[in-house]
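The two complexes that follow have subunit A in common; it is paired with subunit B in the first and with subunit C in the second.
So, the complex of A and B:
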């Protein structure tokens, strides 16, 4: 990969970590591990996951950024994150109905997405360093 | 008027302020600004003890950003204004902090951003008392806001 492409890949990974990972996990990061999502946090957790970026779901923002990154570097973590986000989408209806298991699953998936995207961004940043 | 210390949130959206009111509102009086100009106005009117700053302002209108787009394009990106705009948006929180520091506002600034250690050191050299937390971890942010000044901080 050229230095210019490495820099662009690092920028895209940073944008994914920020626009998707960081905001997706904003409430999830503060839910007691393994416990139920308190009712006061449920609506905000749903907004984090399904109105993550400019009012659109995390998956939509991921799908805007990830293809350009995948064209620069093949990294299995992109597929992994997309699968996590797709699973999150499958919990939307139950979570909106207040199902505790679905809300717990969303929180857990959000944390997994954040940590995976952060690790990806760190690795690509290290690769782009002169 | 509350006796709690004042926390000024600076961001291009509403997520930081919402988070701060929910998780830090017991300890801080929260206010929010969306630009350097807005932050200066609030600081001059009410002051603040600490700042919680977003780094990337990707939703802010170009005309509201700190930094000269044409000059940045010419100097750093061979005239490419699109890349220059991305650069200004990506670094806007630090640029806003620079404006505040230039006006004498030296209070601790905490970013929620996963900075590499070297970058954080550079920010401290430029802007004094700066800290960063990688995620919206309320306990870690609370600790960073109240920690003793960072090494080399200009206070």
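So, the complex of A and C:
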């Protein structure tokens, strides 16, 4: 990869870490580990996973940014994250109906997405440094 | 101030300002961080979610730079700012910038807001709600690396527990920085001892007695060190007893009942206002016998009686008494009650050394005053103007604004400073400062340095603007001036040796009326000893010589003692202090 592409890849990964990872995890982080999602947080969690980007889900934002990055670097973690986000989408109905298990699943998926994207951003940033 | 309900004072909690384009951080704080107060752009106190008047209004934290300014103007007491970095806002609401890439401007708006805040608030702690991984741009990370009061939240950005720990750490760091709350300790053993004793005694309920010449930092110690160390929730209240007419002291300290004397209104005194907190009684030696009696009563049973009232009210106040007079001598001569003196815990009195006894600390104090001068206010605006005029207000090779910064270097100029302005004080100037007697102590030093750096910078600004006027307009465009070698050179501002000499020479101007010749008088009271008489006469002699020589101890030594005047000046100065005389402060 050229230095220019490496810089671009690092920028895209940072954007993913922010727009998808951070927005997903900021509520999930506050859920007591292994416990139910407190009612005060449930609505915020749903909004962050399914409506953050002008009413669109995190998966939509991911699909805007990821292809450009995939074109620059083949990193399996991008596929992993997409699978996690698709699983999250499959829990939407139940979670919106207040099913505690679905909400718990959303919280842990969100954390997994965030830590994977953060690690990816860190690696690509390191790769872009001269 | 006085109308503030007592409960509010007791519950004062750290105040946070959230600057975020969205509502999520505020909602998170709402749900999980309820131990803090929050600054909003609304006149009503308290956080939005407890607001009884909230009728469909949106949360009123700051969503952009302009709203952050509004909130800070309304709440100058904000302790920590939580600042988001990416702001998804219409272009009109972003800060103006020469950066053409709108997406990049949005992603880094928080960094621009930080630089904007820094123009007026150099040392306000800011936590950036982001992590290195999300910062898409290296130069943003560099901007942060040089800002000692900004912290990256990292993963704590959205973990409420981790975030509150981080906020606590930021607050604590501010409290025990080398200049904790703006108090410089230096490295002399006397100050180390003072620091230890002051914080230990602060935690007790006993009164504290501070002794030291004018300007040695007694009031500052009480307010910035002792009061915070008491961990009392009430306010710090100071009263300068030498500035109040004697007839008003009682009403001011203890309050009045309606009609206590003609025109008296129902009013709480300073003791009541300091309830739950700390009261500094400055120049305690000035109290009349009746006031001394009343003060003794308060110290004995923790209750005060408003003038004109008969019922006493309980008050819980940590009392700090300060003076630059010799209280023991006043006790001996009968003007200060011995039992009151004993109540002030004289065995544990703290003595603040005069600056000349801690002259090794001068460089550190000087450096801290330079930072303090440019941390806020008009002088910070002057610094920002200079950096802009010299084309130094951007980070090297970047469109990102950098925060105004100033520091002092002693000796030679650093080869290539990369940020702010470096003031250079040459060695001989330092020597001149160290040789000065500093009768006004730290206050005099602070004033002198502030004058020196502000004049040096004003001259540099005038020269830069003069140059800009003299060249054709085209070549003065910032882009062409930016980041050249000569431009970087403008970061170094020498403090001219001549300026220092002149300031030192002008620094001591006694303002108090000189004792009239032949006016020496001595009131002989019953019980006065020959020793008292001798000391009193000696004091009058010293005082007169001090006035006549404009505070020049060497000149005094020449008139008082035989032998080398330079060596003797130390003895004269020592005796001067022993006599309880004080160097008068400059007008």
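Methods note: the second predicted complex is superposed on the first by the 130 of 130 C-alpha atoms of A that agree within 3 Å, B and C clash if a C-alpha of one lies under 4 Å from a C-alpha of the other, contacts with A are read in each partner's own complex, and residues count from 1 in each chain.
Here, a residue touches a chain if its C-beta (ideal position, glycine included) is under 8 Å from a C-beta of that chain, and two chains touch if they have at least 3 such contacts.
These numbers were taken from a predicted model, which means no experiment stands behind them.
A.B. asks: Fit or clash for subunit B plus subunit C once both are placed on subunit A?
C.D. replies: After superposition on subunit A, which the two structures share, subunit B runs into subunit C.
A.B. asks: Touch test for A:22: subunit B only (first), subunit C only (second), both, or neither?
C.D. replies: Touch partners of A:22: subunit B and subunit C.
A.B. asks: Taking the superposition as given, does A:96 touch the first partner, subunit B, the second, subunit C, both, or neither?
C.D. replies: Touch status of A:96: no partner.
A.B. asks: Looking at the overlay, what does A:122 touch: subunit B (first), subunit C (second), both, or neither?
C.D. replies: Once the two structures are laid over each other on A, A:122 reaches both partners.
A.B. asks: Quick one: classify A:10 as touching subunit B (first), subunit C (second), both or neither.
C.D. replies: A:10 sits against subunit C, while subunit B stays out of touch.
A.B. asks: Just subunit B (first), just subunit C (second), both, or neither: which does A:77 touch?
C.D. replies: Touch status of A:77: no partner.
A.B. asks: Of the listed stretches 56-64, 524-532 or 542-550, mark the one in subunit C with C-alpha atoms clashing against subunit B.
C.D. replies: In the superposition, subunit B collides with subunit C along 56-64.
A.B. asks: Once the complexes are superposed, what residues of subunit A are shared between the subunit B interface and the subunit C interface?
C.D. replies: 11, 14-15, 17-18, 22, 25-27, 29-30, 41, 44, 118, 121-122, 125
A.B. asks: What residues on subunit B touch subunit A, complex-wise?
C.D. replies: Result: residues 15, 18-19, 22-23, 56, 58-59, 86, 90, 112-114, 116, 134-138 of subunit B touch subunit A.
A.B. asks: Once bound in the complex, which stretches of subunit A touch subunit C?
C.D. replies: Contacts found on subunit A: 10-11, 13-15, 17-18, 21-22, 25-27, 29-30, 40-41, 44, 48, 118, 121-122, 125.
A.B. asks: Which residues of subunit C touch subunit A in the complex?
C.D. replies: On the subunit C side, the touching residues are 24, 27-28, 31-32, 86, 107, 130-137, 155, 157-161.
A.B. asks: Okay, in this complex, where on subunit A does subunit B touch?
C.D. replies: Within the complex, subunit A touches subunit B at residues 11, 14-15, 17-19, 22-23, 25-27, 29-30, 41, 44, 54, 114, 118, 121-122, 125.
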